[in-house]
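Please go over the structures that come below.
The two complexes that follow have chain A in common; it is paired with chain B in the first and with chain C in the second.
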Partner chain A sequence: MIELLVTVFSATFFVTVVRTTTPLLFAALGGLISDLSGALNVALEGMMLIAALTAVIVSVYAPWYVAVLSGVAAGAMLGALMAFFHLRLKADIILVGFAVNILATGGTVFALSRATGGDKGTSINLPSKAVPAVDLSFLEAIPAVGPTLKSLLSGHSILSWLGVFMVFAVWYFLFRTPYGLWLRGVGEYPAAPEAAGIPVAKVRAWSLVASGALAGIGGAQLAMFNYIGFTRDMTAGRGFIALGAVLLGARHPVGAMLAALLFGIFEALAVVMPNLFNWIPGEMIQTIPFVVTVLALILFSYRAQRARQMRTLSKI
Partner chain B sequence: MAPLLEAISIGKTYPGGTVANDGVNLSVSAGEVHAVVGENGAGKSTLMKILFGIEQPDRGEIRLDGKVVSFANPREAIDHGIGMVFQHFSLVPSFSVYENVVLGSEPRNGIKFDRREAIEKVRALSEKFRLAVDPLPPVGQLPVGQQQRVEILKALYRDARILILDEPTAVLAPQEVEELFVAVRALVAQGRTVIFIAHKLPEVLEISDRITVMRGGKTVGSVNARDVTEESLATMMVGREIALRVERAKGRGELACEVKALKLTAESGVTIAQDLNLKVHSGEILGLVGVEGNGQAELLEAIAGLRPLADGVIYLNGTSLGPKSVLERRELGLASIPEDRIARGLATGSTIAENLVATRLADKRFVRNGLLDLKAIKANALSLIERFSIRSGGPGYAAGTLSGGNMQKVVVARELSEQPKLLLVNQPTRGVDLGATQFIWKSLTDARDGGAAVLLSSADLSELLALSDRLIVFYRGKIVAAFVNSDDLTAETLGTYMLGLSSQDPESMRAALQ
Partner chain C sequence: MSTTSPSRWKTIRNETGRALTALVIALAVALVVILLTSADPGAAFQTLLTAPLSSNRTMGLWIDDVAKLTLTGLAFSLVFQARQFSMGVQGQVYMGGLFAALIAMSPIGATPLAIPVAMLAAMCAGAVYGFIPGYAKARFGASEIVSSLMLNYIAILVVNYLIRAHLAPAGTGQLMTAKFPDTAIFPAILPGTRFDLGIIIALVATFAVWFLLYRTSWGLKLRLVGHNPKFAEYAGIRSSFIMVSAMTVAGAFGGLLGSVFVQGRAFGNLAQNFDGNLAFEGILIAIVARSRPLAVPVVALAYGYLRQGAQLMGIRTDVPTEMISVVQAIIILLVASSFSLPGKKLFAGLFGRKPTSAAAPEAAQ
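Entry: the complex of A and B
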């Protein structure tokens, strides 16, 4: 137990948490945007998966940033695809989302085997690249706190820093710009923006595209930093955990970040625990993030219900 | 003077063949309040949707300032200075008043939404047009009358010269109607033009300068408000003389239903109503008065068995209803015409015949050995369609294909096909045309004369005053006043109690509650 605590309170663990949180954070921000626009995006999972594979394959031939952008583009295109089926052809958004997920599961394996020349499990024989880590070694020069700062802040993926910025950017967009107002209005009560001449379907379509693009960054981080290379089903439910993070974060970007961080911590625990407790089956440990998601959501809806009761009581 | 807005021989046929407008003419002069009246289904709403660009006409043209215009969508109508306030408000509940007002045309500062300017603009508008609203609270927390002002502000913010109000008074209490009229007069005084859709004639006569009457998708004519009376307008609307008067009960019978110390709570535990004590005798109609949301609807639900009792008892002819299921209550002679015919009164996807027997599936006449007797069901439907003059394609048509008035008649027919002992009625004629209203009122008084005790709730005070023998007023879940109906009792008097402005002394209340 002591060993576990020592591990948890080490700088290395913090770095692991940031690493595991980053893909969840991007997916959660994506889920947040489409959820607030009134289209629940259950396809985050599939979008991340396809973006991850796209990024890996492109990174073989192009620089890392082109690879990341291609992952973003793949996610955005899937978002546009969903928008087309849901808004133009009036298909149910949940069904469309699951179609994307199923397409992703099968399609990535197929594409992977074509790209690798037959390997249906991993892209291990593709020389794919990684997203660079940001080296902040100069911080060490600061007296007293320098070494600690360096070990906490240095070595994170450049995308993790982007993630922190995106939380702010999404918040600013949603709550400080007219378009954010439109988006939230469309999600809450579409008749109102419609009467005001706001193109409701267009707002939703762009939200889905943005949602896909953000999930795409998450996928790229997963396959170009957390792991180098693609493994089949490597998203392992992160898209759904991200949806949970949207709800748990009370549909607010900062809340979503905190929720993603919570799930990231438990995922990081699942990473370090097998080394410390080799008597617990690895599979058990791997279920921790999912169990925590379910528990957190139960707790959340219970508390939300209580809060509603308190609110109505206080009004009378 | 040349008219500001003209619609000339407008024709509109919906897919499916409904002719909504057929050669409609409308001519509105600048600075007037122009009322468009007609029964439901007369084509008023379609005409307004065409003027506001929601629908496009198949024939005819619209002229604004003498120039022909056509609007492909509301945005273009707004850009031409036309604003519309719908009966169902288009407001985002969690947004503040000012956010709702500026939504879609926000003041900007770079890419930033300039909140300060938005708030100032809304303040300035509300002062200019005497539409007092605080810009800051979320609209979901405001009363309906204020929400309506927000809607009007929205149109004015977009510089509407012509403001279309679609049945604006339907959701308001009498005092709120007065406030609305003050605002409408202020608008006209500042050079705006108001088109006022309505079917409550006294209000129309009070507020408007000119009146255009529509019937069956055509314009019947335009008249000056001061040249007509309520009766002559009603005749124009319906095309025949109609008497919206009903016979009062001749005398009441035994005590049928008694509610004692009833308390109702919402799922969240909040008290909806408390200390409810009332008696209804057979052969009388007891009107439940109150602004919607003050506990009347919940009382009816509780008696019908759709809502648990938190405390207290309800007796029907001496039997306590508390432990009885809905079906058992119906067997005791309870019938209920619910508020929402589409969600609760009918299965809109099922046929008329099926709907008419839906509450009688234990009846041996319609169900034998667990199988439906289709022949008997059809015969039942045919006779009820005849008796209640339901206009439909036949018993095999889906209930959802009927017009509002005929749907409501199906509900009424089902509930009254056998004489009930206790009849619960909520909003019997909401969205129903005058002809059907007359018929439904007659059906209710027939049920009363047949010995039913009737509890009637309605948002329409004139309906309550026309039908009820006694009235009780709800305010914040309590009975605050009770009256024996008479010609001296006015909507204004009821209104002051409905809004909690005055209170009745316990003596006269007790007397009227007996």
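Entry: the complex of A and C
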């Protein structure tokens, strides 16, 4: 137990948490935007998976930032596809989302085996690149706190820093710009913005595209930093956990970030625990993020329900 | 079910037409993908379309898939009819498979009771696993989509662990249990193929779900809740009870599928990751069948054929089996969307515009 505490309060654990949280954070922000516009995006998982593979394959031939951008573009295109089928052809958004997920699980294996010449498991024989880490070792020069600061802040992916910025950017967009107000209005009560002449379908379509783009960054981070290279089903439910983070985050970017951080911490625990407790079977440790998601979801929904009941009671 | 009413026939015709259109479009896209990627596209496409009929064995494989697809399609149909998006069939399959295997490997496994008791245990396990997300939604308002998906992952990890550490024969390092005793494995209807009890179970289950949905008051309430929850609430139906019970019953069918998996002649044991993602394909079956239980086996028959063709294409040619997921996604997208109207417009536009656009250059000449 002591060893676990020592590990958890170490700087390396913090770095691991940042690493595991980043993909979840991007996906959760993406899910948040589409959820606020009134379309629950269950395809975050598939979008991340396809973006991860796209980024890996492009990174063989192009610099890392082009690869990340191509992952973003892949996610955005899937978002546009969902928007087309949901808004133009009136298909149920959840079914459309699962169609994207099914396309992703099979399609990535198919594309992977084409790209690697028959390997259906990993992209290990593709020389794919990584997202560079931000080196802040100059912080060490600061007296007293320098070394601690350096070990906490140095060595994160550029995308992790972008993630922190994105939380602010999404918040600013949603709550400080007219377009954010449109988006929230469309999700809250579509008839009102419709009457005010706001193009409801267009707002939803763009929010699905943005949602896909954000999930795409998450996928790129996963396959170009957390792991270098693509493995079959490598998202392993992260898109669905991110969806849980959206529901848990009280429909606010900061809430989504905190929820993503919570799940990131437990995923990081699942990463470090096998070394500490080799008597706990690995499969049981791997269930931790999923168990925590279910429990957190139930607990939070219960509290939200109680709060709603209290409000209606106080009105009477 | 009166089959004489003309409107019903019209609905069936329309729905079949939509499904077939979606299938043709999806196959056309598949053909393009095969043309782009295969060294011998002709052989690959031919294998996809004809291979399941090539021998008794492959036909057995096809029918085996049809039985399983029917059961997962029924489980999804039940929850979809109640407008719940519980995606937990995969977890129920693993739990059902686990409990069926536990019974089959216990002393009961060697007695004639093995098959019914194992099936019952699997259904109970699946029902419990379907109940959890339903209860969490009804009582706490937790999204059933997320919780059921999380439970899927948990079930797979737990079952894989139990197989690796406890159920596999000690010291072999195998990731599956030993074969069950013969009394616990479904008897073959055609010897030497996988044509076994599973297909009969699937047909009985189809009838059972149809009876539950269309001939009991519970089914009527369930369809009402799915159709218009507010109206159902005003009519005095406890929609949360209906919701939870629908997910529980669907869970029982998911569990039954688990038992059909492990006790069928295809396996006859419990192996890691045994479901091969088949459980999720029930979404496609349920959507194309419009969640109508009697249509589920028909859709499963057609889709199972395609699925088996893709498997054989993966084995016999250079096109990977996973190509079929493109077809799956397109079928779901097209059938779920109301594409008939824009589709008709599009066709009208194509055929209406073609002559004029063809005529225009002539006129210019």
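Note that the second predicted complex is superposed on the first by the 314 of 316 C-alpha atoms of A that agree within 3 Å, B and C clash if a C-alpha of one lies under 4 Å from a C-alpha of the other, contacts with A are read in each partner's own complex, and residues count from 1 in each chain.
In this section, contacts are C-beta pairs under 8 Å (C-beta built on N, C-alpha and C of every residue); 3 or more make two chains touch, one makes a residue touch a chain.
Keep in mind the model is a prediction, meaning the values are calculated, not measured.
**Q** Comparing chain C with chain B, which touches more residues belonging to chain A?
**A** C
**Q** What is the contact status of A:Q286 with respect to chain B (first) and chain C (second): first, second, both, or neither?
**A** Only chain C is touched by A:Q286; chain B is not.
**Q** Is A:R176 touching the first partner chain B, the second partner chain C, both, or neither of them?
**A** first
**Q** Mind working out whether A:V96 is in touch with chain B, chain C, both or neither, as first, second, both or neither?
**A** In the superposition, A:V96 contacts chain C only.
**Q** First (chain B), second (chain C), both or neither: which does A:E188 touch?
**A** In the superposed model, A:E188 contacts chain B only, not chain C.
**Q** Just to be sure I read the superposition right, which of the two partners does A:A196 touch: chain B = first, chain C = second, or both, or neither?
**A** Touch partner of A:A196: chain B, not chain C.
**Q** Taking the touch rule as given, give the residues of chain A at its contact with chain C in the complex, in rising order.
**A** Result: residues 40, 42, 85, 88-92, 94-96, 98-100, 102-103, 105-107, 109-110, 113-114, 120, 236-237, 240-241, 243-244, 247, 281-284, 286-287, 290-291, 293-294, 297-298, 301-302, 304-305 of chain A touch chain C.
**Q** Which of the residues in chain C come into contact with chain A in the complex?
**A** Counting only chain C, the residues touching chain A are 37, 85, 87, 136, 139-143, 145-147, 149-151, 153-154, 157-158, 160-161, 164-165, 277, 280-281, 283-284, 287, 320, 322-326, 328-330, 332-333, 336-339, 342.
**Q** Spell out the residues on chain B that touch chain A in their complex, using ranges where they run on.
**A** Interface residues on the chain B side: 73-75, 78, 84, 86, 88, 90-95, 99-100, 103-106, 108, 111-113, 154, 266, 268-271.
**Q** Using the touch rule from the top, collect the residues of chain A that touch chain B in their complex.
**A** It is residues 176-178, 180-182, 184-185, 188-189, 191-198, 308-309, 312-313, 316 of chain A that touch chain B.
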